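Consider the two complexes below, in which subunit A is the common component and subunit B and subunit C are the respective partners.
== the complex of A and B ==
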């Protein structure tokens, strides 16, 4: 399965989803006006990945900013991973990274952890 | 007059499109950085500016009134200001009174919620699987209210029988920067 690699812009995050290694990364800022347009290819990639998911899938999320319109699609990405975990019975881990002192971003991660029931680890990145 | 003692840091007046949303945000970010605003406050300012500008973008791009030019109807103002105690993100745009009623109800609702209630509402709306036909998540006011920590303020000035000017103000405390 082809990897999904997108370079980040001032409005959209960089994406590196690799099916062969089971390592997924989403980082940068996510403030597009049209979040559907940006996130739909990611959701479609994950739909395809579900069938070939490795025993362990790791996703690293390190977002500096995201807008409320992205927040629902980030949840969709995480829900797809939950399906891999629950339906396909594969292990999924989420590493939620945030800038040093950015407690709000950490708490946002906790919201996602509670809502999805996925296992999160938190990493505070030094500036 | 609005916040008479506040100094203007960034000002925009005109038609909003996806290109100038990016330019205004760049301006807000670079002025906030140059002004030595701490990380936590700078992030709040940027996040609130994103939501406020995208609200303008989504809700004015197709605003038309028969007999009036689209440019006149869609013109908006955005301003980033400061006084001794607060930073302010201020927007204004034209709207119909019936739309104002809906906005006012939403604003009054989030303004009256406690921190815990806002958190609960945020989670509820985040997980409701609904997106507006303009791509909005219905989370903008909740998020701005949470990030600001203050009530979202607004003014409503009727212009004629069918139109009014809506001014929206979000405050950010200058002295709450985390150590």
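== the complex of A and C ==
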């Protein structure tokens, strides 16, 4: 399965989804003009990945800022991972990174953890 | 048509809209068994619960982001105010420094002017008074007038130099802009 690599821009986060290593990364700022256009390939990639998922899939999310529609799609991404966890029976861990002192972003991670029921770890990144 | 397609494509609630349409169509159909109705209601309730979770989550996140934006905005406003205050202070300091520099230049000019007047007075005016009037009081008065003219000349020179300096600064800032 092909990797999904997208370079980040001022409006979109960088994406590095690697099926071979089971390491997925989403980082940067997410305020795309068309969230569907940006996030749909990620959801489709995850749909494919569900069938070939490794025993352990790790996703690192390090977002500086995201808009409301992105928050919906981030939830969709995490729900796909929950499917891998529940239906395919594979382990999924989420590393939620946030800037030093950005308590709002940490709380947002906690909200996602509550809703998805996935296992989250929190990392405060030094500036 | 293209616009409708675009709107559909950009609709982030496509799945939810799909289930709503399905349930609406189900309601319009007649002769549905109890078990079919229950199954449809179950799907609807599941989707509703999921949607409610999403709405709660997205509302919390949006409120938090709004708060974060407000804080950043306040910080920016404070910084902007501080920059403005510093700018006023800087402008005042530059003006004071310019005035001091001009003042020194004017003093030097007036010193040279006074020296020249003294030399002129001693070399030309004094002999002329002695020759035609030979009166101590007239000589003292003329010298007094010359001495009194020094201060207005200093002010005049200072004003003129300041005007020139300001015009120069304005021109430089216009070129930079």
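Going forward, the second predicted complex is superposed on the first by the 127 of 127 C-alpha atoms of A that agree within 3 Å, B and C clash if a C-alpha of one lies under 4 Å from a C-alpha of the other, contacts with A are read in each partner's own complex, and residues count from 1 in each chain.
By definition in this document, contacts are C-beta pairs under 8 Å (C-beta built on N, C-alpha and C of every residue); 3 or more make two chains touch, one makes a residue touch a chain.
Everything numeric in this text was worked out from a predicted model, so none of it was measured.
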Partners on subunit A (subunit B, subunit C) - clash or fit: clash
First, second, both or neither for A:34, with subunit B first and subunit C second: both
Touched partner set for A:54, first subunit B, second subunit C, both or neither: neither
First (subunit B), second (subunit C), both or neither touched by A:23: neither
Which of subunit B and subunit C A:104 touches, first, second, both or neither: both
Which of subunit B and subunit C A:6 touches, first, second, both or neither: neither
Contact residues common to both interfaces of subunit A (with subunit B and with subunit C): 34-36, 65, 67-69, 71-72, 75, 104, 111, 115
Partner subunit A, residues of subunit C touching it in the complex: 9-13, 53-54, 57-58, 60-62, 64-65, 67-68
Of subunit A, residues touching subunit B in the complex: 10-11, 31, 33-36, 65, 67-69, 71-72, 75, 99, 101-104, 111, 114-115, 127
Residue ranges of subunit A touching subunit C (in the complex, touch as defined): 34-37, 65-69, 71-73, 75, 104, 107-108, 111-112, 115
Residue ranges of subunit B in contact with subunit A within the complex: 18, 21-22, 25-26, 39-40, 43, 46-47, 50-51, 54, 57-58, 119, 122-123, 126-127, 131, 135-137, 139-140, 142-143, 147, 178
